[in-house]
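In the two assemblies presented below, chain A is common to both, partnered first by chain B and then by chain C.
Coming up: the complex of A and B.
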């Protein structure tokens, strides 16, 4: 059997795989932006216990957190078109596949982030809000000026972990045929008959990106630290 | 309260599942193509094919779709001015599911015929490749000489393939000592070869040309796999369509026939696969 690993192939692969990082980054960005919006709305509904919506969101969160992401992606890819066709006669079957990936990841992130946001907001003691009301602040002012700054600090580490996890999860997208870095590695494997070099490069790529992101979140966390404010 | 929530959750999940299952049955009727013969502009036909079966359907150096399926369909498309083909790729198992769901109009992935498939899909009358498969084992494996020798042993198979269908039928007849089928999707050739050599699986089933391809790519002059026994299946491959899409099927059959008569199909086979595998081997 020929050499299983060759440095030549390893370096040949890099320019072939790297451009596909943009597909991964797009999925991450899309999922994060819409996930944050969805997460905030869900967290607000859950904290204020708005009837009916609160229960619906409870089901949504437990479904998204309790089922494999692959199942969710298959349900969105194959199931959503059926539901929309039945309800509104929309045929979204021929949409670009990557849109289904965006929708899945945004819905999934929304659920996870809403729980991070909810626990962060609830972690701020109610005395803080009462203090705000006692000096005549409205509910919105109190939330914006007193609760939110403290909640962000609590939410940040959880958000960072989730974000890095999301980045790795995007490799599932290839299972419905969206070619991202993982997909490109597989397809290089098929075309050249050698896949191990591509896998190793991806492992390195994911590691480097994760470390960079971790450092980013670490420094953001440090900046938001209490001590800085107290010492000012 | 808690119980209610759980109940509601289960209702939602099961209705989603039901929707998907129903989609599998009704998806065929929602395909609109094939009725637009009167249109002046070319009708778009979505072809679903694989991305990991070299040299039939794979992504080349630049990440573009390449291979025999693509070349044949490109030639077919040139003969059919009323259609304009677009290609989407996914892994093998998702191609036929996409056809169910109405996401694609043609499934192209070296499909052999079997009863189960013919119940669900419409196939072209004209074939475009032979497909003769054999039990394939590592060269050093001296024990396995036929399919029957594999009873109680591990065989690598792919979900949804005709080989899997044949072997599942085989196991129904040999319940006392069935072949242990290991379903492995999305594996690359290199993973299969490594698995066969390490003894992860005892055998797999592929065509002679696939085995030759492996020996050429990984053998370094020697053979890495060998094929034993009588053919597991002797068949041809066809394009798959939604059950009611006879208009498209007839158009493609016509074009395939033309390509065969002009010798162009054989030429594509020689150019892409490296031999004429259109009528016999």
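Coming up: the complex of A and C.
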């Protein structure tokens, strides 16, 4: 109790915590890949206004945007076993906890990314598609060659913000018992009774990674933003 | 295992009982964040030396820290250092007299200041520089220009991002459960601790949060429309 913070413990903690960043990275990658797939499917359904599915997806997006991440994670953690056992008699109590985190974050990202994709695709003026059709391109060709390249540019800043938010949200995974950086900090805390150094290191780690990612997206955005050069 | 409606209802009731706590955790940070965030946004836009740059760097750094981590740190400091600080200021209070909710409010307020600053700065950038110049050219002072020309235009632009921020704070408020504050989520789980109906508790909490955000979104849409009407009637 004499000293709250000591640099010795701070530096001791670094090699103990840093390897667990891989858990976080895995969650982020998994959620992003499946979120993009889910987001594209949802965006297509919403743009083409496919009946029934459109309404279901509307509710899904509203739910994901309207409830806290923590609640969604717990719902998947407690709800998925009940649903799977009720429907297919599957027992998934032995699943690794991190799988529930993957599923939650993928579902959550699917909703948020679909909104980003949808608004990006809709932001491309319809004259662009018409121009494509008028030179004899099919719908898919028009979408791939004309609409998509323009939509990607619009979607990128939103995607970047979302990606960094996802990275920060993964720190919630320790609340269901996944050992990521935060979970590791907690175990260090129970072992040594000194946890503040671990938390401060994690805060620094997240800050540094977030800023690096921000800079990365910023430069990617600049590279893709060729509009001004062309028009001048 | 089935989901029981009775448990969901019980959890809904219990969660709603603690709704005032969630409101406190949302309203106070929103209000403080709006005031302080607006001031910082103006400081940054007018490029006031040192403070402008410094606040920019601090906000960028702070935004990198997840709210859980920040909460954990503040909670630790609060429990470890509160008595010492109180003694230093000759205050005769112990940690037991203080509601832990202030830690949550503190963490969410800092988060809210960062979010609000960014949104309002974005809104200010969206307003054409000519608007400032027009104000100055007819002899208004900087404060008059702000009050009569800039802020009326800023409000409708800022409503959608500000709503998003408030929703973000609502979501953040659920995380304060992790440091032992009883708000909607923790309240909805209280019946579950007796009957092990945690799933029902989380469903009830999700319903409450969902309703809360949907109402907010509708309100924001209505306000946005009104703001636009006001703009149109000027032209």
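Here is the rule we use: the second predicted complex is superposed on the first by the 226 of 232 C-alpha atoms of A that agree within 3 Å, B and C clash if a C-alpha of one lies under 4 Å from a C-alpha of the other, contacts with A are read in each partner's own complex, and residues count from 1 in each chain.
The rule we apply is simple: a residue touches a chain if its C-beta (ideal position, glycine included) is under 8 Å from a C-beta of that chain, and two chains touch if they have at least 3 such contacts.
What you see is a predicted model; the values in this text were computed from it and never measured.
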item: Overlay on chain A: chain C relative to chain B, clash or fit; value: clash
item: Contacts of A:211 with chain B and chain C, given as first, second, both or neither; value: second
item: Which of chain B and chain C A:78 touches, first, second, both or neither; value: both
item: Which of chain B and chain C A:38 touches, first, second, both or neither; value: neither
item: Which of chain B and chain C A:147 touches, first, second, both or neither; value: neither
item: Contacts of A:182 with chain B and chain C, given as first, second, both or neither; value: second
item: Partner chain in contact with A:16 - chain B first, chain C second, else both or neither; value: first
item: Touched partner set for A:70, first chain B, second chain C, both or neither; value: second
item: Touched partner set for A:195, first chain B, second chain C, both or neither; value: both
item: Which superposed partner A:62 touches (first chain B, second chain C, both, neither); value: both
item: Stretch of chain C, among 26-34, 62-70, 80-88 or 224-232, that runs into chain B once the two complexes are superposed; value: 80-88
item: Footprint overlap on chain A, where chain B in one structure and chain C in the other make contact; value: 1, 4, 62-63, 67, 74-75, 78-79, 82, 85-86, 174-175, 195-196
item: Parts of chain A lying in touch with chain B, wherever the complex brings them together; value: 1-2, 4, 16, 20, 55, 58-59, 62-63, 67, 74-75, 78-79, 81-83, 85-86, 91, 93-94, 97, 174-177, 179, 183-184, 186-187, 189-191, 193-196
item: Residues of chain B touching chain A in the complex; value: 5, 8-9, 12-13, 16, 19-20, 22-23, 26-27, 30, 46, 51-54, 58-61, 63, 66, 88-91, 94, 97, 101-103, 186, 188-191, 193-194, 197, 217-220, 224
item: Complex contacts: residues of chain C adjacent to chain A; value: 1-3, 60-70, 72-73, 76-77, 80-81, 167, 170-175, 177-178, 185, 198-199, 202-203, 205-206, 209-210, 212-214, 217
item: Chain A residues within the chain C interface of the complex; value: 1, 4, 62-63, 65-72, 74-75, 78-79, 82, 85-86, 168-169, 171-172, 174-175, 182, 195-196, 199-200, 202-203, 206-211, 214
